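In the two assemblies presented below, chain A is common to both, partnered first by chain B and then by chain C.
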Partner chain A sequence: MREVAIVSRKFAVENSHTLSVAQAHGAYKTLEKLHTLAPLEIIEIIKESGLRGKGGGGAPAGAKWALMPQESERPSFVVINCDESEPGTFKDRQIITKDPHLLIEGILITCYAVKAKHAYVYIRGEYAQYQDVLQGAVDEAYVAGILGEVDVTLHRGAGAYICGEKSALLESLEGKRGHPRLKPKQPEPEWYFGNPTLVNNVETIASVPFIMEHGAAAYRAYGTEKSPGTLLFAMSGHVEKPGVYEAEFGVSMMDYINHYGGGMKNGKKLKAVIPGGASTGVMTAAEADNVQLDYESLRSMGLSLGTGGMIVMDEDTCMVSVLKNLLEFYHEESCGQCTPCREGTGWVDKLVGKILDKRGSSEDIDKLLEVAETMNGKTICVFAPAVSAVIVSFLSRFRDEFEAAL
Partner chain B sequence: MSFCFNDANVAKIEALKKRYPSAQALSLPCLWMVQYQEGYISLDAIDVIAEVTDTPAMEIYRVATFYTMFHLEPTTQKRVLVCKTLSCKLCGSDAVLEQLKKHDVLVEHVECLGSCGTAPVMQIDDVNYENLTPTKVDAIVEGLR
Partner chain C sequence: MSEMIEIIVDDKTYRAEEGSLLIDLLIREEIKVPYFCYHESLGADGNCRMCMVEIAGQKRPQIACDTLVKSGMEVNSKSTKIEKVHTDILELELINHPVDCPTCDQAGECSLQDLYMDYGLHDAKVTIVDKVKHDKKVDLGSNVMLDQERCVLCARCTRFTDKITHTHELGIIGRGDEAKVSTMPGRKLDNPYAMNVVDLCPVGALTSKDFRFHQRVWFLQSAESICHGCAKGCNIYIDHNKMKYQDDVIYRFRPRRNDAVNGFYICDEGRLSYKELETNRLESMLYDGVVVDEHEAIAQYKSLLTQYQGRVSVVIDANLYSEEIEAIVAYAERIGAKVFAPLECYNDPSFADDMLKSAQRAANYGAIVKMGLETNMPSDAGLIINFNHPTHFNAEAEIHFSTHKQESNALLLPMAAFSENSGSLINEVGLEQWCEKAVEKNSPAPTVLSWLEKVEG
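Now for the complex of A and B:
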């Protein structure tokens, strides 16, 4: 497997969170070049690089930046999504603690390109200790005069998974409950207090300095045609060496798990993998043997790549209890705005609980699929459709286990 | 019992007001300040935040009750947040919960804390304790006194 470190280049450097060490390793070098380019030229470079959003959706970043107005009477804002609450995902915290200046550099480039003077980093409430490290880096950058013309403000969440959804995040950043907004029919920016706003994931923005320094082609030298570049893929669960390891898109999942993860814990056999955070569905060991880690490969299996945070499960794992665990999460975290989601997550959680307790009947499996169907496509955000897809993925692959539990 | 922000927080609020397009954005920062200052969020404090943010008190109350990390009741016990989501569950969070029953702490079951690669995990006073075993749990909790 080809080793590559675009975002994680300084992770192993001691004290890389401090300005002096970061600068000794090349931080902020691209800022000199920045002002020799026009904002629209930078957006063009990002488009050419094929950079895709790393918060789970994989939306092309350049096209999103291009939606921001270059002329506007209202101020424009950049918002960095560090809500990182998707189970199995723990990559953004590596960036804000091990190379926060890379993120700040990315923010400065982004703000220049979309003509914003202020960026907010929305950080989940449980990350206070990591937020402190990023705040330290921001403070140092202000003292050094790197920040000032552009402001960076860290904003702490307070325990709500849904605030990772970009419009819920903006509601929360406005001081409200984190309720997702209705999506517009046409492509447009996000809005923060009615001002045009760009929302990107931490890792997306941390990938920008490399592209600025080395060019779009250098980024495209990694990954696949449609999924260019790299991702901070991660592993947790039953592997020997769980953790975050950067790799290019398109590598084989099993090679990744064996190479970086050191294979299965205690030499057990693989049973199933959740490919990229809880909401991406589940695959069997046989499927894992044959899949590449890029958006298109996962999509073609009816699953998603998500955040690239794989949850690996061995032969002793009970798939009914795994689904129960995930549904408890969704039931707890539904924001409650839409009835199919608020009521549906509770209902499916109860049904699987019944099956797990061996009190279920075959009608309960039918009912489970029926409720899942009702939750799909009838809500403001994609939380409920994701839950629905998770349920279907478990039942289409491990139905025998559910039936055996009846 | 009335509530007042202490001087340090008053200064913080003034500085923060300059960083947002509207005072309403200060509701979460203010709720955090109250919680660190008083240990919990009282209805009196909610009235004060309503004034600072120029937002109806009911709206601040709605916000305070939406986010799970805000506490509207005081407690004398130490709060211990234990992750019960999948990766922690696969790696032994049940044993952590069992062990914590032996201690006089307020255990809260929470969802994924972003430490899945170092599971199981618990959080006390904003600090994550990772790769837990029952023995480690005892040592950490006893070290709190």
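Now for the complex of A and C:
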């Protein structure tokens, strides 16, 4: 495996969250070059780099930046999504604690490119102590005059998973309930109090300084044709060394787990992997043996790469209780707007609970799939379809375990 | 206005404005699609997910309330596939619903109940173990009671207080199936239009404290009328019923849509003004506080008229129907009396707002102005014949046609209220509107016109 550190290059440096250490290791160097380029030229470089959003969706970042108006009577905003609440995902917090200045540098480049003067970082409510580190870095950058005419404001969420969905995040930032908005009819920016707004994940923006420094081709030198660059992949569960390790897209999942994770804990056998955060479905050990970590490979299996946070499960794992655990989370976190999601998440949770308690019947399994079908493709946001896909992935791969529990 | 284009719905061609909402067309053309959350005055919110239709070229079903009409669009609202979608979502809607229709006041005018019947869920597959429990009796304030279990979370009520009254008392708290409507902490639902949320609520979650448990809606008859609370002329339904062995009584006023006047709403004060029609009514003829029969009353009437010949003033209430006012004016001319319609007493700026409520609190205000009747009362009247005017005027003698009891020694003659009679009104901006007769009392008080016949006969 080829070692690569684009976003994690200062992670091992002690006190890299302080301005002096960060600057000694190259932070903010790209800002000198920034003003030699026009905003549209920067957007062009981001497009060429093929940088994809790292918040789970993998949307091309450059195209999204290009939706922001270069001429606008209203102020433009940049919002950094640090809600990071997807179970199995804990990469963004590495950035804001180990290299917050990299994020700030990325924010400044982004603001310049989309002509925004104000950036918000929306931080998961439970990340209070990590927020303090980031706030310390922002304060230092202010004092050092690095931010220039850009303001960076940290906003702490109140602990709702759905506020990671970009439009719910903006509602929340506007002081309203975190409810996803109806989707626009054609591609357009997001809107914060009616002002054009760009929402990107922490890691997406933290990847920008590298591209600015080394060029689009240097970024494309890693990863695959369609999934260029790297991701802060992560592992949790039954591995020897759980953690966050950057790798390029396209590496083999098992190589990654064995190389960085040190293999299975206590020499147990692998049973299943949730590839990229709770909402990405589940795969069997045999599938894990043959899969590469990029968007297209996972998509072709009917799963998704998500945030790259893998949950690794050994042979002793009960898949019914894993699904129950996930469904409890979704039951708790559905925002409750859409009927299929509000009522469906509760119902599927209770049905799987029944099966887990050995009170289930085969009709309950059918019903589970039927409700999953009703939850798919009929709601405002993709929360409900994701829950639906999770259920289908469990039942299509481990149905025998559910039947055995009846 | 945008271009008119053609679209196809269920194999039939319809015309609509390009870019208008598909659901508006479906509602206008009475093409049935189930829905809870959309409302023409509140716009689309897209939360109930019931209004799904199939659109040619689109992989997934789409909600009609968030679909803009485009030329050549082909919509299917009735395919087996889409009906299954409707049934499935409805089934989910019902899993936590208490299905307490027998004790619910909305029964008979409930969208959920109607859809349940339409989509044939009679043999409920709904076998959920534990339904989510909520509060069934929350007094929100302003006569509005909330049953959180019956609520389908369509957010119509919260959008009403956000977008229409801008008072923001209501909100939805909690997530997922724990979500529920509530007032903001420490606040009550408290605005002059609050009770409209009861009409907006598609189910029996919001009920009117004033109406609940009084009458099953399917027994009610509705007459189209105009509220008499002020000169705005809000269109209403008078819902009334005559139960066996009892009198015909009014149970409620409801707003009747008229985009040129009141839209979908009426104010609470107007809504509750029906009560005045059922209380403290003058039922017998009185002279000097003593009950008299019709024969004696008419004899007394005539004798007073002769006694004050040449010194008679007729006073007209600006709530009478135009037809009545015209007949009184003609009658006054025949008996040589002067006509007055004092308006001052109706002026109440404290009642007015910029939504519906007008400072002129008389339903036929516009007719008085249009007819140019004298509005200043002289101070030296001999005999006053008062046709239900609310002011007491000094005079040597008085004959008072009145809907309600009065503290008076005058000759008091009971008359029919507007709900017991039909006629037209002109509102403050000159719009003429018609009121149907709603109520037929067991022993009805005579109308103005029949009184005039009696006293001239």
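Keep this in mind: the second predicted complex is superposed on the first by the 405 of 406 C-alpha atoms of A that agree within 3 Å, B and C clash if a C-alpha of one lies under 4 Å from a C-alpha of the other, contacts with A are read in each partner's own complex, and residues count from 1 in each chain.
By definition in this document, a residue touches a chain if its C-beta (ideal position, glycine included) is under 8 Å from a C-beta of that chain, and two chains touch if they have at least 3 such contacts.
The structure displayed is predicted, hence computed values, not measured ones.
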TODO: Considering only the touch criterion stated at the top, classify A:177 as touching first (chain B), second (chain C), both, or neither.
DONE: both
- [ ] Have a look at where A:185 lands relative to chain B and chain C in the superposition and call it first, second, both or neither.
- [x] second
Open item on the list: For A:331, using the defined touch cut-off, is the partner it touches chain B, chain C, both, or neither? Pick first, second, both or neither.
Closed with: second
Task: Dominant contact partner of chain A by residue count, chain C or chain B - done: B
Open item on the list: Tell me the contact category for A:128 with respect to chain B and chain C: first, second, both or neither.
Closed with: first
TODO: Using the touch definition from the top, say if A:378 reaches chain B (first), chain C (second), both or neither.
DONE: second
Open item on the list: On the A-aligned overlay, A:158 touches which partner chain: chain B = first, chain C = second, or both, or neither?
Closed with: first
- [ ] For A:237, select first, second, both or neither according to whether it touches chain B, chain C, the two together, or no partner.
- [x] first
TODO: Considering only the touch criterion stated at the top, classify A:87 as touching first (chain B), second (chain C), both, or neither.
DONE: first
TODO: Report, in rising order, the residues of chain A that make contact with chain B in one complex and with chain C in the other.
DONE: 160, 177, 332-333
TODO: Within their complex, state which residues of chain A touch chain B.
DONE: 75, 84-90, 93, 118, 124-129, 151, 153, 155-161, 172-178, 192-193, 195, 234-238, 242-244, 274, 278, 309, 311, 313, 317, 322, 325-326, 328-329, 332-333
Task: Touching residues (chain side chain A, partner chain C) in the complex - done: 160, 162, 177, 182, 185, 331-347, 350, 354, 367, 370-371, 373-374, 377-380
Task: For the chain B and chain A complex, residues of the former touching the latter - done: 19-22, 24-29, 31-32, 53, 55, 59, 62-63, 66-70, 81, 84-87, 89-91, 110-119, 123, 126-128
- [ ] Flag every residue of chain C that touches chain A in the complex, lowest number first.
- [x] 44, 46-50, 52, 60-61, 66, 68, 85, 88-89, 91-93, 95-96, 125, 128-130, 132, 152-153, 155, 171-172, 174-179
